[in-house]
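Please go over the structures that come below.
Common to both upcoming complexes is chain A, partnered first by chain B, then by chain C.
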Partner chain A sequence: MLVSFKIQKFNPEVDAKPYYRDYEIELPERATVLESIIAIKEEIDGTLSFRCSCRSAICGSCAMRINRCAKLACKARVADEVNRHGSILIEPLQKLKVIKDLVVDMDPFWRMIEKVKPYLMPDPNEAAPERERLVDPSTTEDVIRNSLCILCACCHTDCNVAELEPGFVGPAALAKGQRYVADTRDGATDERLKSLSEPHGLWECARCFACTQVCPKGVDPRESIRRIGHLAYERGIRSDEGIKHAQAFLDSVKASGRLNEATLPLKTKGLGVVGMTPMALQMFLKGKVPFPIQRPVPDMEEIRKIFELTEKQR
Partner chain B sequence: MLEYDVVVVGAGLAGMRAAIEASKKTAKVAVLTKVHPVRSHSGAAQGGINAALSPADSPESHAFDTVKGSDYLGDQDAIEVLCSEAPGDIIELEHMGTVFSRASDGRIAQRPFGGAGFPRTCYASDITGLVILHALYEQMLKLGIKVYDEWFVTSLAVDDGVCRGIIAIDLKSGKLEAVKAKAVILATGGCAPVFHNSSNALISTGDGMSLAYRAGATLMDMEFLQFHPTTLKANGVLITEGARGEGGYLLNALGERFMAKYAPNKMELASRDVVSRAEQTEIEEGRGIDGCVLIDLRHLGAQKIKERLMQIRELAMDIAGVDPIEQPIPIRPGAHYSMGGIKTDVHGATMLKGLYAAGECACVSVHGANRLGGNSLLETIVFGRRAGRAASELACSVAGASFPEAALSDEERRISELLKREKGERAHVLRKELQEAANTNLGIFRVAKKMQNCVEKVRELKERYARAIVQDRGRIFNTDLTNALQTGYLIDLGEAMALGALAREESRGAHSRLDFPKRDDEKWLKHTLAYWTPNGPRLGYLDVTMTKWPPAERSY
Partner chain C sequence: MRYAYFTGCVADKSASELDYSTRKVCEKLGIKLEKMESASCCGAGDIDEVNLDLSRALNGRTLAIAERDGLDVLTICNVCTLTLRKVNQDLKENPEALEKTNQVLAEIGMKYSGGVEVTHFLWVLMREFGVDRLKSYVQRPLAGLRVAPFYGCQILRPESRLGFEDPNNPKSLETIITALGGTPVDYAGKTKCCAFLISLAREKTASKVLGQQLWGAKTEMADCIVTPCPLCHLSLDAFQGMAEKELDRSIRLPILHLPQLIGLAIGLQPSELKLSRHVVGVDGVLAKIPSRVPAGPVPAAGS
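Coming up: the complex of A and B.
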């Protein structure tokens, strides 16, 4: 099949800014995007630059934006892309500086991974056994699922929060964090939970599931984030605004079946809410501030049952 | 100029294990890698890592299986080191935080693997390489070991018969840099991409083997290239031996478990050379399906496949469009692993002073003529550690010597010339012709005439390579340039492989000749050595080290 590609190019030695170049190439039916760009490099444009290695979705090198979604080029099929989008647009991963063409500077991503202390920290008071540490096989599910992460940065660079808040540690680092939180051999669980709950940590996640959607390995970073959040809550690590916000949601719905948007900022930010006064005033003037006292929903019994059921299922 | 005690080239399992060990003795350790450490090809290793952990098993039994698997070409002293140190190394990996699948009693789970008399392959589902790679990388972070990622080594700096450091391109800046070192450890992996559609990553281009060879270290047993029995037809990507370890069947077009004819006792779990030959015979005798045979996992059930073979299920679905829960996967033998490499002793020392090697790029030799599955990861850890220790001890014992002044400017001239060359062929054309020639003439079954063709073809390619061009003339992240340099490495190694194979007039392990179908211990119980000369490799031979196991007939 003859396929058209539009690929973002940028060579800092020559170009003032990135531009798009069109290519057309004959490909076999089951060609991957990686096979295609290798063919383009060999047959048309030797300057086209990208990273690649394993061809089997295990090394994480060839992550790039394919039709505006972060993917591994070796896993994306040309025919699927053409069927869905008509043509193929390839751009570098978002948010990271472009070094050349599709090659981005991954350093900021690696720094985020390093932030979660991604190594085993056994309890210092326990001497290492002579043999292996024993691990109940029923506890390894989370560890193995998160170990599938190949650090390709697809989730991190397509994360909607990281786009607005570059300090957000991001879904890949949080999944790595959960890998160690869930590891029964680790002795620093509380320390990890505290650190992961700090500002720019897990509570900054907007629960949009973009990470889970783009992950090429089925790691489900959003689920990992939920699990560390849950565990932090259980262990009483509740100082971050994010968890107070979640708590305020819960309390409000439990009390009245409704979300009290007027009291939410106060419960989340405490005295810090003073800083929001100008915005609150503007909202008030435009009639956007709801009345702080709310009538409960008519059938509170239903609400109570929902809570009961949820408790039971935990 | 950058200056270190120990510089490790390559950041797969062997390289990182070496760096971690070296850093215990000396603070000045750096790792250079042409990719980021977690991109290394060790991460693609699926099935597992061997160690006699069970009281019912023994290092001696592991060593015997390895010697037999090697078709008696492995050096038995090195094999004893490998197998006796294996349990300690696995425990150490576990203590570092490596994730392993667990048995019901909480101990590290072990599965059966080919050629092994006991289920001694430790694993983490079918992502064993990935979890160890990440564990070692994370230890490097914890220890603060300096990594120069995306630095591409173009040559070793040798002065007065001693390796003094390396010359490398920093890909991000495009600048050529010299790094002075008291000891250099090469851990750059294999060179199966001498063949078309090998199971290896595109980055596995034998860089270290070729660099060492050109610098005066010796290559050993290069003709022994393992064909893995189960690779996907479309692109050679691996289906783990664990699939057979968990009970998978190999079937021909008639639906027969054909291994009964070739290895009635071990069946699918005979050693890899035996299984690959059996498959190739079935295919050539017309009992294949479109150039493949089938691996059938359906009887294992969905749960076992999803739990223990999750990655290969994903690969079979993505690449072959087949879900192994529903259908058998078409597979064929594919070039996979280089038993040969840079000759080292059991401490990783090469024939060139100051230069060490570990992992697939090295030849200790523990695999001899055929490697057992699960022994390659083990080799990276045991001999990576040993090379790291020996190199750091050397670095502590010698004073800093001079770096050959001209090394950097000579290399700058060579690279500039290549970048400026106007007329000629692009290197990938040559690489494809090399791979085609290797597949046609140097495959599972070999004969003199075809190997002779291969030797001639490689010599022609060498000549054409001297005039090859690159299209990208820039400096920053020039992968057209690195591809061209890698092709040069592969051509070097292809020549050593073809010549070594042609000279060895017997069949042993992975080297199987139709014109000399028997193993010939009288004449050929010896290693092939290859020394670089301007006119191509000069071959030499070396006796195999025997300790306990005299050569015996080999059947499975």
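Coming up: the complex of A and C.
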């Protein structure tokens, strides 16, 4: 089939700014996007630059934006892209400096991965064991799922928060971090949880689920972030406003069966809520600030019972 | 067409205009909504985060109520949709989770067997009601109105939990805007995040994210944004001032709930849609569409 490509090109040594070039090429039905750009490079434009290595979604080096979504070029099928979008638009990963065409500087991404100390740190007070440390079977799911990550940076560069807040540690690093907080061989769980709860840590995640959606390996970073939040809550690391928000939510449903929108800001932000006054006033004038004391839902007894029982189950 | 109607906490209180306009529109279209008075809050991602078993038991109870009544659940909030669908999928696919949840539900005389579907108002319009049928109700076409769709994250992603349409290339809102006679506006922010969930805990980051999406619609000359989610609405409308401050730009873009936009086109009055409850005024939108409904045959409800 004859397929049209529009590919972003940029050579900082020559070009003032990035531009797009159109290509048309005859491809077999089963071609991947990577096979296509290799063919374009071989047959039409020898200057076209991109990274690739394994061609089988293992090395993570051919990540790029294909029809405005971060993907591995070796895993994306031309026919699927054409069916969904009609043609194929290829751009480098977002927010990373372009070295040439589709090749980006991955350094800021590696710095984020380094931040979560992606290696085991056994408890220094514990005597070295006679033989190797065994993985607890209950944590293998976390260890294995997060270890599937191939560091392609698809999730990090498509994350709706990292896109605008470069300080945000991002979904790939958080998923990596969860692999170590879940691993029973690690002895720095609380230290890790505190560091992951820092201002640009897990509570900056807006739950846009872009990471889970784009991950080519099924890591589900948002689920990993949820699990860090859960563990931080369980272990009493609750100073961030993000976790106070979750606590306030829980308390309000326990009290009335519903979310109490009027008390949530105060319980989340404490005195910091004062800074929100102009916005709150506008909302109040439009009747958008509900009365803080709300009637419980009918059959509230059932909900109280559910809270009691699930607390007992744990 | 009859559904167990799960309003959700925000549409019940601060965005009550969404609940009100949904009921008005459904009444006119002949979609019957049985309000789930005793349903609890879905707990959003928050209860799910701190206590998964509790989230499954609370939402399992909601699903059991609908199952007892023999109805599928219809939501009008993206977060409720994802939270309820996630629990529903886990209970249907994971027998251990279902058993654990049913042990709790048994204590309050309830049981869930996995016989309920959770859907969203937007999906019902697209799939069960049908766009052609919706078109036949249009009395005041939104001709010349440039409407920017804002999907919100949790009606699109993750596809494994939602799966109604391609999260990277959704078409449902555009299809409805076109059916109502309006012009859909394309912009990068339409499938992105409103940052509502971090608007309290990370105000500055949230304002940047929100500001980008609002500004994107504004630069494409949108007259208004339409959204199927009350949390996106709160963010886009009530917190628009925060985004303006962060961007140091005036935006003043009116934000409509999906049923409000439909209501205008099918001939409901602004007062029936409670348009005056918005922080950013909608006069600019009303000025662009005919104020009177032209005389002509009106399709009967449920036809």
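Going forward, the second predicted complex is superposed on the first by the 288 of 314 C-alpha atoms of A that agree within 3 Å, B and C clash if a C-alpha of one lies under 4 Å from a C-alpha of the other, contacts with A are read in each partner's own complex, and residues count from 1 in each chain.
By definition in this document, contacts are C-beta pairs under 8 Å (C-beta built on N, C-alpha and C of every residue); 3 or more make two chains touch, one makes a residue touch a chain.
From a predicted model like this one, the values you see are computed outputs, not experimental measurements.
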Touching partner for A:Ala210 - first (chain B), second (chain C), both, neither: second
Chain A residues touched by each partner, larger count belonging to chain B or chain C: C
Contacts of A:Glu132 with chain B and chain C, given as first, second, both or neither: first
First (chain B), second (chain C), both or neither touched by A:Gln247: second
Which superposed partner A:Ser56 touches (first chain B, second chain C, both, neither): first
Partner chain in contact with A:Ser36 - chain B first, chain C second, else both or neither: neither
First (chain B), second (chain C), both or neither touched by A:His230: second
Shared chain A surface residues [contacts with chain B and with chain C]: none
Contact set on chain B toward chain A in their complex: 35-36, 38-41, 43-44, 90-91, 94-97, 99-109, 124-125, 127, 130-131, 134, 138-139, 141-142, 172, 201-203, 234-235, 237-238, 310-311, 314-315, 318-319, 321, 426, 428, 470-472, 474-480
Contact footprint of chain C on chain A as seen in their complex: 67-69, 84-85, 160-161, 163-165, 168, 199, 203-210, 212-213, 220, 222, 226, 229-230, 233, 240-242, 244-247, 249-250, 252-253, 257-259, 261, 264-265, 268-269, 275-276, 278-279, 282-283, 286-290, 294, 297-299, 302-303, 305-307, 309-311, 313-314
In the complex, chain C residues that touch chain A: 9-10, 12-15, 37-41, 43-54, 57-58, 61, 100, 104, 107-108, 110, 153-154, 156-160, 166-169, 188, 192-193, 195-198, 200-203, 205-206, 208-209, 212, 234, 238-239, 241-242, 276-279
Touch list for chain A against partner chain B, complex: 11-14, 30, 41-42, 45-47, 49-61, 75, 99-100, 103, 105-106, 110, 114, 118-120, 122, 128, 130-137, 140, 143-144, 147-148, 150-151, 180, 183, 185-186, 218
